[in-house]
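Please find the structures below.
Same chain, two partners: chain A is paired with chain B first, then with chain C.
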Partner chain A sequence: MSDAALRRANAEPRWLRHLLLAVGLGFLFIFLLLPLLAVFTEAFSAGWRAYLRALQDDEARSAVGLTLLVAVLVLPLNVCFGVAAAWAITKFDFRGKSLLITLIDLPFAVSPVVVGLVFLLIFGAQGLFGPWLAANGIKIVFALPAIVLVTMFITLPFVARELIPLMEAQGKEEEEAAVSLGAPGWQMFRRVTLPNIRWGLLYGVILANARAMGEFGAVSVVSGHIRGETNTLPLHVEILYNEYNAVGAFASASVLALLALVTLAAKAIVEWRMRRETRMLTANLAAEQN
Partner chain B sequence: MRPLFGPAPLLPGFRLALGCALVYLSLLVLLPLSGLAFKASQLTVAEFWAIASGERALASYRVTFGASLLAASINTVFGLIVAWILVRYSFPGKRLIDALVDLPFALPTAVAGITLATLYAGNGWIGRYLEPLGLKIAFAPPGIVVALTFIGLPFVVRTLQPVIEDIEPEVEEAAASLGASRLQTFVRVLWPALLPALVTGFTLAFSRSIGEYGSVIFIAGNMPLISEITPLLIISKLEQYDVVGATALAVVMLIISFVMLFVVNGLQWWAATRHGARAAGGARR
Partner chain C sequence: MSIEIRDIGKRFGSFVALHDVSLHIPTGELVALLGPSGCGKTTLLRIIAGMETADSGQVLFAGEEATHVHARDRNVGFVFQHYALFRHMSVFENVAFGLRVKPRRLRPAEAEIRRRVSDLLQLVQLEWLADRYPAQLSGGQRQRIALARALAVEPRVLPLDEPFGALDTKVRKELRRWLRRLHDEMHISSVFVTHDQEEALEVADRVVVMNQGRVEQIGSPDEVYTNPASPFVYQFLGNVNVFHSRVHGVWAEVGREHTAAVSAGEATAFVRPHDIEIEHRPVAGSLQATVQEVHAIGPLVRVELAHDSELIEVELTRERADVLALAEGQQVWLKPRQLRVFATPPPLLEEGGSGI
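Showing the complex of A and B:
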């Protein structure tokens, strides 16, 4: 069989190709593009002025502030955990390693509502430490600490999961070379490991940030919905929507949708950089071998 | 703690890194989850069973599992088509569309919920065409399926894409040159290669759907026994200060989560060994 005939036999017939394209793109149009367009259309349905007024509202601004604060508090801890876990898992052998990897995945599998409930059972008024906390005047549930704790739980896997396969693939020769040349541990990490993993790290942080700012279920259980105090932006969206304030709800929702679009763009750029570095690395290797 | 086998490692920081990771994981995940188990252990088995198999609870499992199963199936069919056209065909705007597939991961669930409810409501962009046909989507059980389809969409596509990219064109060409029709090639050659990824993607979408809360509650209508999902039932028990009832249901959901986690791990192992076997076969050839 000739090449052309083979290629023809190897592709779907023209009608099927068009059908698959139409069905696939139609599905994405209905399920992805329409919702995205609807968020912004609804937000601007009463005009620019109403949109801006909704965003300048005191409660909306305090919700944005709280959402940013939670992300700022959670992400550094998440990065430290992710790097530490990935370092231990990928550079050393120890018993129980695969169990540890499964445990890191666990927060993805637990329902956000259950996560919220779990922290309520520990720190709530009827919880394990509830009476002690109340006696000492420490407020965790229905306050910032619980919102931070559930967000830490929910975002726990993101950085570690990005770093583990990356550092596994990179091996440990470079670090071993640095150490045998006398570099102290911290210097080895800063000069060798960090440059190698920076894009993977950034990728994990981008994903964790999107989840931290957007988490709804777990936060809604422990926040208490105190307006102007413990309302994050997603909770603010819910409250306005339930009050039939569609413009206000979608104005705040559009901020979160914008955040999602920025996340997707940043993700695409980082993916592109990672691919380029891998390509350069393989090209260098090939050049060395020749 | 030294690594338990092999020579002493050259690299520093093992104790520090593992110690930090274990402390973080224990304080944040293991201890709180055992708190849930402790609270539940104060119930007798009969009490636990009475709550976990109450009428409203059983109905909520039916709704949650039924809608999740349906949504994951829809995603498996359309996800295969989407992954296929994204890898194999070229069309304008492909890279943009490819990036957009992750939208459900990036868009906060509450935003997805209110948007889908607005779209599928009787006067919404989509609902206004469906309602005259007698199809009520928003504020009815089909709305739950729509929300869960949105949430699960990226899982099947993203699991399948690398697998389709890895299929060597030579394999299909060999089948074609041996006289196989395109359909035969698909059924005999491509399908077995895609199957593990399809099952894995289905399971990931399914297990995410079971616990989903934010996107569903706005569109579901939330009628007890009809369109009430289990996570919402937990919340309404909490709002009635029935902490014990909420705990019992949370334990049921947590057990399901553990089972799903092990199923997913097993599936990934299965996919990897099949993939490995194919790669080894390729190396032998």
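Showing the complex of A and C:
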């Protein structure tokens, strides 16, 4: 029997396939494409000029600047933590390993608003370290440090989550080979481990970045909404919207949406590269079996 | 360089991987650590390479204490069962790795690195693959590159962990002969782990048979095969027929001249299938049996015989089998040419007792 005939024999009836496809595309349109279109139509509803003016507004520019700054501060820390945690979990056996894996997932399980409140309780004026911080003139809550801290917390799992399965699949033999050939720890990491995990790492960073720039709940609690100072882009969108400045709100929102589209494209490229590497890895394993 | 292992012990949780193992590996020898899976041979190899730390005991390289020397400072080039080539580096860079990571003052110049890598690639006869990536090579090619990579650092000891284990039979045979020739040229003390008795007997200068974390016997391939020190070694190295002497009184009597101290009741006799002679008539010290099946396997003929309820396996040359003209159900008499009697009962091994 030919391949095509085989496929026809075990496929669903034509009407069912079309129905499923229609349902899938319908959802995609209503929930993903329509909002995206709405954002851009609203943003441009008063014309190009109004759109650009809204973006050139001082507060809008400060919000974009703060959002970028937070991402730039958070991502390197995130990479350090993610790589260290994934390394520890996949290359060593120790007591409490599964507890660590569970803890890494904690930020996924906790509501962002709760995260913000927890940081208020720790660093706020009435909080645990509040009096000491005030006495020493250190400002954390309602300032940049708190925004960085909560964003750090929220995005913590992304890099580690991405790397753990990848490093687990790769095993530790290449590292052992590097050590047996006399490579010092840093050389082993730079020449062997890092090239093997680079795409996974980049993928994790992209996801973490999208979340870091888009985070609303936790940042909203600790930022204090000081215009031009502690307003990130998502907070800025909300403020403008509440003030019935639809064009301004949607113009800022369109920046976030564009960011999302760039992230999506970057993600697609990295995914494609990762698939290629995985194929190479499986080819490796297949040849071993021969 | 010689390696001395003194009373090495290692546990993983409650599992004892090595019980006070002692071993001497003379300079330039190719030594096989042979045993069933879980016998501790790989653990011992990793302790020699410094990838695992022993709980007790000492490792000495050329008489010098090396127990706590870090793996990267031991100057051993490890060869892995699954090659562990650096997948994102070309073959050339894989081999050059050990030279490139040397501290600056010891690192050869680029031209010298190129020369040494191409020499090594020539040695493993794969210089035409220098620009390929590991994923583009066959298993046998990968293992040869892994070997070249290990040799690049001019190791004092070369540990190989089941180096041919992932290859198919034909490539495996080629590669182990090639390894033997290479070893004869280079004369680096090498230790290789295997569970394949044929491989160990063919390649090694010396075979260390291990079982359940202990060394059962150390000797030349000929020694361990023809003169096994324990029932385990007898059963692990090739097929064997096991006779409990209380059942087979006649055979134990034959064996008694070898081991006079053993009383008949508790002894067990071991006879290799090719050490049994089949006769049409009873002779002194022979055992009556019925032919059950006759299989011709390549140059050999394997005959299964029944004595009471027990099965006995005999291997004959084709010529001898033709002379005997055995038929199923025929009554014959068996006489051992060589057998060993051990006082202890044999440990429970996998069916057949040959290599796993």
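To be clear about the criterion, the second predicted complex is superposed on the first by the 271 of 290 C-alpha atoms of A that agree within 3 Å, B and C clash if a C-alpha of one lies under 4 Å from a C-alpha of the other, contacts with A are read in each partner's own complex, and residues count from 1 in each chain.
The rule is simple: a residue touches a chain if its C-beta (ideal position, glycine included) is under 8 Å from a C-beta of that chain, and two chains touch if they have at least 3 such contacts.
Here the structure is a predicted model, which means the values were calculated and not measured.
By the document's definition of touching, neither partner reaches A:G65: not chain B, not chain C. By the touch criterion defined above, A:M152 reaches chain B but does not reach chain C.
Once the two complexes are overlaid on the shared chain, A:S180 sits against chain B and chain C alike. When chain A is checked against chain B and against chain C, the one touching more of its residues turns out to be B.
Once both structures are placed on chain A, chain A residues 176, 179-180, 188 are touched by chain B and, in the other complex, by chain C.
Against chain C, in their complex, chain A makes its touches with residues 173-174, 176-184, 187-188, 191-192, 195-196, 280-281, 283-284, 287-290. The touching residues of chain B, when paired with chain A in their complex, are 1, 3-6, 9-14, 16-18, 20-22, 24-25, 28-30, 32-33, 35-36, 38-39, 78, 81-82, 84-86, 89, 91, 95, 97, 99-112, 114-116, 118-119, 124-126, 149-150, 153, 169, 172-173, 176-177, 181-182, 185, 207-208, 210-214, 218, 231-232, 234-235, 238, 243, 246-247, 250, 253-254, 257-258, 260-261, 264-265.
For chain C in complex with chain A, the touching residues are 49-51, 71-78, 80, 82-89, 97-98, 100-102, 133-135, 137-139, 142, 146, 149-150, 152-153, 166-168.
Residue ranges of chain A in contact with chain B, taken from their complex: 1, 6, 9-13, 17, 20-21, 23-25, 27-28, 30-36, 38-39, 42, 77, 80-81, 83-85, 87-88, 91-95, 100, 102-114, 117-122, 124, 126-128, 149, 152-153, 156, 172, 175-176, 179-180, 185, 188-189, 207, 210, 213-217, 220-221, 233-235, 237-238, 241, 246, 249-250, 253, 256-257, 259-261, 263-265, 267-268.
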